[in-house]
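Notes follow once the structure below has been shown.
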Amino acid sequence: MSEQLVPVSEIQSTDDNVPRWGMAIDLDRCTGCEACVVACHVENNIPVATEDEAAMGRSSHWIRIDRYYEGTFPDIKVKYRPVLCQQCDDAPCEPVCPVYATYQNAEGLNVQVYNRCVGTRYCANNCPYQVRVFNWFDPEWPEPLELQLNPDVSVRPGGVMEKCTFCVQRIQRGKLDAQAEDRKVGDGDIQPACVQGCPAEAMAFGDLTDPESKVSQWAGVGRSTQLLGELGTKPKVFYLEKSD
Amino acid sequence: MYLRAEFSDVEAAAAAVQTVSGAGVDKRDVEVFSARPVVFEPGILDRPSRMSLLAVFSAVVVGSGSTALMFYTQLDYPLITGGMPLNSGWATGVITFELTMLGAILGTVGVFLWESGLLRKNRSPAPAIRDDVITMQVRCDQEGAERLVRLLTDSGAITTTRVEDAS
Amino acid sequence: MTTLATTLNGPHRRVREDVLHPLEGLSFWYLASAAFFSALVVWALFAWGCQIFLGIGVAGIRRPVFWGLYIVNFVFWIGISHAGTLISAILRLTDAGWRKPVTRAAEAITVFALMIGGMFPLIHLGRVWLFYWLIPYPNDRLLWPNFRSPLVWDMTAIFTYITGSVLYLYLPLIPDLAEMASRSQGWKSRVYRLLSIGWTGSDRQWHSLERAMKLMAAMILAVAVSVHSVVSYDFSMSIAPMWHSTIFAPYFVAGAIFSGIAALILVMFALRKFLNLGRYLRPVHFHNLSKLLLLMCLVWLYFSASEHLTVWYGNEHIEMAVFNARVHGEYAPYFWLMVACNFLIPFILLGIRRLRTLGTIAVSSVAVLIGMWLERFLIVIPTLSYSALPAAWGPYEASWVELSITAGTFAAMALFYMIFAKIFPIIAIWEYDEDVSAS
Amino acid sequence: MDRRNFFKLVGTASGGALTGACGKQAQELIPLLVPATEIVPGAEEWHPSVCSSCAAGCGTIVRVMQAERKIEVEGETVRQPIAAIKKIEGNPLDPVSGGRLCARGQAAVQGLYHPDRLTGPRRRAGARGSGDFELVDWETALSEVAAVLAGVDRRRIVYLTSAGMGTGSATAARFLDSIGAPPATTIGVNDFTVERRASQLAFGWDGLPVYEIQDATYVLSIGADFLGGWASPVFYSRRFGHMRRGRPGIRGKLVHAESRFSQTAWSADRWLPVAPGGEHALAMAIGHVIVSDKLRESDQAGESLRQAFVATDFSAACKASGLEEKRIRDVARELASSMSPLVLAGASIVRPGSSRAVTAANELNLLLGNIGAKGGVMPPASLPGGLTAERPAYRPLEEQIGKAEVVMIDGVNPLYAAPWLAGSLAKVELVISFAGFLDDSAAHADWILPDHHELEASAGVIPLMSPTPALTGAPAFVKPLHETRATPDVLVDLARRLDAAIEPVTLDSAYASLHGQGTDEESTPADFIDQARRQGGWWERERPADAHRTRTEPLGDWDPPVSDPAYPFAFQPYPTLQFGFGGESHLPWLQQLPDPASSAVWNLPVEVDPATAEQLDVRNGDTLRVISPSGELEAPVYVNPAAIPGVVSMPIGQGHGTFGRYASGQGANPLSIVDPVPEQETGVPAFGATRVRLEKGTTKQRLVQYAAVDRQPHPHR
């Protein structure tokens, strides 16, 4: 069980200084409060979809809360889970891109290179999690809203695919800070916006190659599962299922 | 110089070709013009061709060339996608196949253009295309001409004319 | 013994008159319909312009249906393109004599359908002005295309196919061009002469032409099959429900031939009517083709049935969502209409001999075209709108842009064909000659 | 706290920047004489601040970086480099937020750069509510307002404000006192008057009890959606997370009783769908079981209290609560037999009997004997020094406003959150609003004196509830974007013009007043203040000792279940986690945030149960007309599979007449059809007591759902 859950990859770097970023989400802590959703928007300059756009199914969320009602009143329960890019080791979205706009980098991030993207949208079709977001138009921020834009994150033009990056700018920043103080990046030094903001502290982010890291610890427990793991995409996001 | 003889039917033309070649004229100096394909019995006026061979050759060249390009480029800029190996026949075989076929097609057309003589510069003069007669043209020298005219008329030529070289 | 003199006043002169007659003069109706079709094409181009300048968002595609009518049309037109080459190649290889008046008409369809179909992947791009990034050439981005992507496979396949079929159409045209040159005067003559690249009708030329055509036929056949397989790979290589299927390649090829034949039959009806070539496109041609159509109809049924049966019996919930959407759900009307168009109508009308008339053949061809378009639609859309996670399901609705462009491509087909038939003899004169003199 | 955040805070020390660009620790220290607001940092800076989106008062840290602002300088646009706020995160040192922040708090920055902010003081030009104003300069505005105030009977000034407490409310109190006006009053909605009263009755405490759920093993929460729109969501979400999985080997269980399948309900292990108004009965029933079955020994409950519970008619109580007896017995047993049980009580939806319900629920804790115990109930941590004294409290408003000459509106939007005040407010001669946006109430004002955005102002906030006494502080660190003025300054100015000079309560003076009050080690006042500014607040380490006294006077009985054939459905408007009581509806980030229950964006639906929907033959997205004795509204319907049959819920947040381009005219305001019967103990409007009837709507309403419409599993046919 856990053996199958530990992400193994043909591309696992031999150099063990290279981390493999992963995330674990404890659904037993999660309250579905959507703080992560807004945190992500604030951090990543994600354009706001107007009501008309939203009505066309064009809301842009890099992380969303899927919720399913189960049973009927009064014994009704609801299953909900935050769904973001699962950063698969064997990501179905990667090979289908004709221009290498998306590929797996050495740290196991499923990177999206906006400048290379020509907008075939094949990757989005082939993502079973539907976490890829397309820019249908050039984004707009009525003045002075653009003052809030995060300078560390590029603003994507229309016709380009985008998605959760595990806040790669924060990862970069964390590594540089560590470098400047010549130390290793400590567990918890780097937190994507969603993880940082989560009020119930239901999300853990870190290096999966480090068995001591919080994320490895969480990913190892019995409740740990992977979303649509049976598809063999080897996600690096682990869900700790609810249980009483 | 050339001799031109016009025949009203295929059999006559065929007979003429045989007599002429029997008289020691090289078949390469004999040409038959018609508005539609004229089918002689095999052995009368065969035209050897290397089309198939060259087509295969060109197919192999283009196919393997493209494959080599893919191999080189993917090693040159190694990006991992979907956990696939950088180079695998599974992932690129289709392209290899398509470009092999492309090579074959281009080869065929190229050879066609060459062998049909459409590309050649030094071409013998040709009669205007007429759909009512088959024209046979033989290259010969002044002294042999008399004898050939006779042979052609005997083998049923309607008319025979002499054509001087353009040179 | 067959002398040319005897046949001189025979069919040869007539075929020239009949085939070359339509090339002269422009009737009012010709111009009117040409204007109409051009208008549609211009409108489609305008729509495309809007999409480029305002953003791809003006089209109806949305999450999760990231591919819409554009891809449907792409597959459909590539399918149609199998009319020509495939048919004429098969017939040429099997040396079916009755093919001769048909081949050129068919091969022309192929070329135009490919030109149109090949446009759609571009129209569909989010940043079409960067389409050339898919082409492998040494560039300042120091990056080559990802040859592992089915889209790049697609590009090479279609490139090969269009190159092949243009040449395949052109080679047998050369002798006729030469003849046209000798029959026309002035600039026309010069143009035809130029196009005929100095064809003199020498036996050498005839030999290599015949040889080349035989070889080409074989190759085109292979390419055509591979092209539509590759088109199917765009879908079957992805792990989307009811796309990730091994049956897709042959399924698509069969479907392509199916729709191709239907298209050919319709075009022949048009030629027969408007260019009054009744003497050459004889009922026998239609009947032979209709038998082919009937055969492909059964083949289609066989593939389609196996596809759906497999999914249904497996009862895998992710795929069943798509299956049910097609068979019981919101796409059911399209599904059953497709079944009627692709199976019931042609099977009944063509299967029962007494019912098989030129009229019913035309009707079933139209039905098949509609049915096959619907089939493409049902393959592309439901899968996307019912993706693996139910929370991400969503509907699709085409916008005016997609509809305009779709309509425009059909107009473009008609327009191209009209122009072609106006410039070149739609029946291969020399082949027909050959046929006659052989008999 | 993790080292990254630690660095941030060092970075904010004395306005200097220590976290440098590209990770190089740029060691430049910006001298203190340069006020922080004058610094345009090249590299990022993190400043401590406090979130004022709700009364919870979460301590935050704010990321400031350079940005270019386009401004008009004689006709041509020039790009002016300014220090812009990029992101708000929780302050890891803060006992309330603990470094975390909710959706509303995260989105607050969008209010600062909102395109529709009021750029300066305005005087009404057209009719009231026409939203037609003219821009004036501050001098004219203040002098004219002062002139009017000079003329009126000061006792007839009504100052409406929010439940938020801190330097702002203190200054306002001084102002009102100095000019002889009655103290400020809240509007009775979203001010936790009920919970305060209940805490008063049950424990004799002045302020909200603090529930230690993080150490509890079994939490029964009654009536409070404490993970959603109630009091302090971040504070309790953190504690909830810890309760669930924070302790090795121990997983706390949560049972939630509410008349709605709320955020808390769906996070709970079990939901008790209690009938609207049945909370009191439920509490009594559970108490009855605990006492009469002797499930738990406790010396905290007095005899009279035990008797009250014993005397309860169990089956009647169960009936009134709308739950089966077995469920209630089970819960009571589990609760009492758990190691450290806790009952968390509140009223997300206020009903006539709410104070009593919350009191009874609170008193279960006495039966469980967990007051002051680990994982039990703690007394409110009231701040030493003068600040706590001037807490704005609710005083019945209709007649006040009825005879008021001047109404000042500061930090609330009564015409949205308490629409029933519209009538009386319309009669008032002079209405002054301090709103930063042209919201529903500002549109009805004669003068708008726009306040700074919270992120531009310097303020100290007393959290609604915190484990230890706390004053969270936000020094000003960015230049105000527009010609706005901090309301305290405006009040001081007005006081001066009315010859009643007052000293504003500044952040520093507040800190100074706390110096030496706490148990922290000795330091000079200067160091003390600097320390507080640097870490973003002053937080006492010691928690207050619990000195509770139980109730002697009897508590009234629960309200009998009402049934009205003309209006068959109970209607409960509820505060949402994204909009609260509609205060944040103007932020596009929150407008496009899928509503937790219905996944609706840009509009909020009426939630009905499937059976009712069947009856009315409506589907998701169809329009429903909700008719109450005092009004009607039309809204799209969401068929909520978890809705209690016969109970119609509607989230609060939409239906603003005017509130910026993103909220104006979106959807309907459920509070607009409420007839507010007074809550029995406190008199606040019980907005959860309205009954309605439903009809198919006539207008076309739009329901945009982000998530796919809930579908049935696929049959194998």
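Residue numbering begins at 1 within each chain, and the chains themselves are lettered A, B, C and D in the order written.
What we mean here is this: contacts are C-beta pairs under 8 Å (C-beta built on N, C-alpha and C of every residue); 3 or more make two chains touch, one makes a residue touch a chain.
Just so it is clear, the structure is predicted and the values come from calculations on it, not from any experiment.
Asker: List every chain that touches both chain B and chain C.
Answerer: Chains that touch both chain B and chain C, as defined above, are A.
Asker: With contacts defined as at the top, give the pair, A-B or A-C, that has more of them.
Answerer: By number of C-beta pairs in contact, A-C is the larger.
Asker: Centre to centre, by mean C-alpha position, how many angstrom separate chain A and chain B?
Answerer: Distance between chain centres, rounded to whole Å: 63 Å.
Asker: Centroid from C-alpha atoms only, then distance chain A to chain C, rounded to Å. What do you get?
Answerer: 43
Asker: How big is the gap, in whole Å, between where the Cα atoms of chain A centre and where those of chain D centre?
Answerer: That gives a centre separation of 31 Å.
Asker: From the C-alpha centre of chain B to that of chain D, how far is it in Å?
Answerer: 90
Asker: Check each residue of chain D and list the ones that touch at least two other chains.
Answerer: 707
Asker: Where in chain C do residues touch at least two different other chains?
Answerer: Residue numbers touching two or more other chains: 143, 146, 148, 152, 390-392, 394.
Asker: For chain B, write out the residues touching at least two other chains, lowest number first.
Answerer: Residues 77, 79, 81-82, 84, 91 of chain B each touch two or more of the other chains.
Asker: Using the touch definition from the top, list the residues of chain B that touch chain A in their complex.
Answerer: 77, 79-85, 91
Asker: Considering the complex alone, what residue numbers of chain D touch chain A?
Answerer: For chain D paired with chain A, touching residues are 2-4, 7, 19, 22-25, 65, 67, 69-70, 82, 84-90, 99-103, 105-107, 109-110, 112-115, 227-228, 233-234, 237-238, 240-242, 244-246, 251, 253, 261, 263-264, 266-267, 269, 271, 273, 481, 577-578, 588-594, 596, 599, 601-603, 609, 641-645, 661, 666, 702, 704, 706-707, 710.
Asker: Can you tell me which positions in chain A touch chain D when the two form their complex?
Answerer: 26, 28-35, 37-39, 41-43, 48-51, 54-55, 59, 61, 64-69, 72-74, 76-78, 80, 142-151, 173-181, 186, 188-191, 193, 196-202, 240, 244
Asker: Quick one: which bits of chain C touch chain B in the complex? Just the residue numbers, please.
Answerer: Within the complex, chain C contacts chain B at residues 1-5, 8, 12, 16, 136, 142-144, 146-148, 152-153, 156-157, 159-160, 163-164, 167, 171, 175, 178-179, 182, 197-212, 215-216, 219-220, 222-223, 226, 230, 233, 430, 433-434, 437.
Asker: Which part of chain C faces chain A closely enough to touch in the complex?
Answerer: Counting only chain C, the residues touching chain A are 54-57, 60-64, 66-67, 121, 124-128, 130-131, 133-134, 141, 143, 145-146, 148-152, 155, 234, 237-240, 384, 387-392, 394-395.
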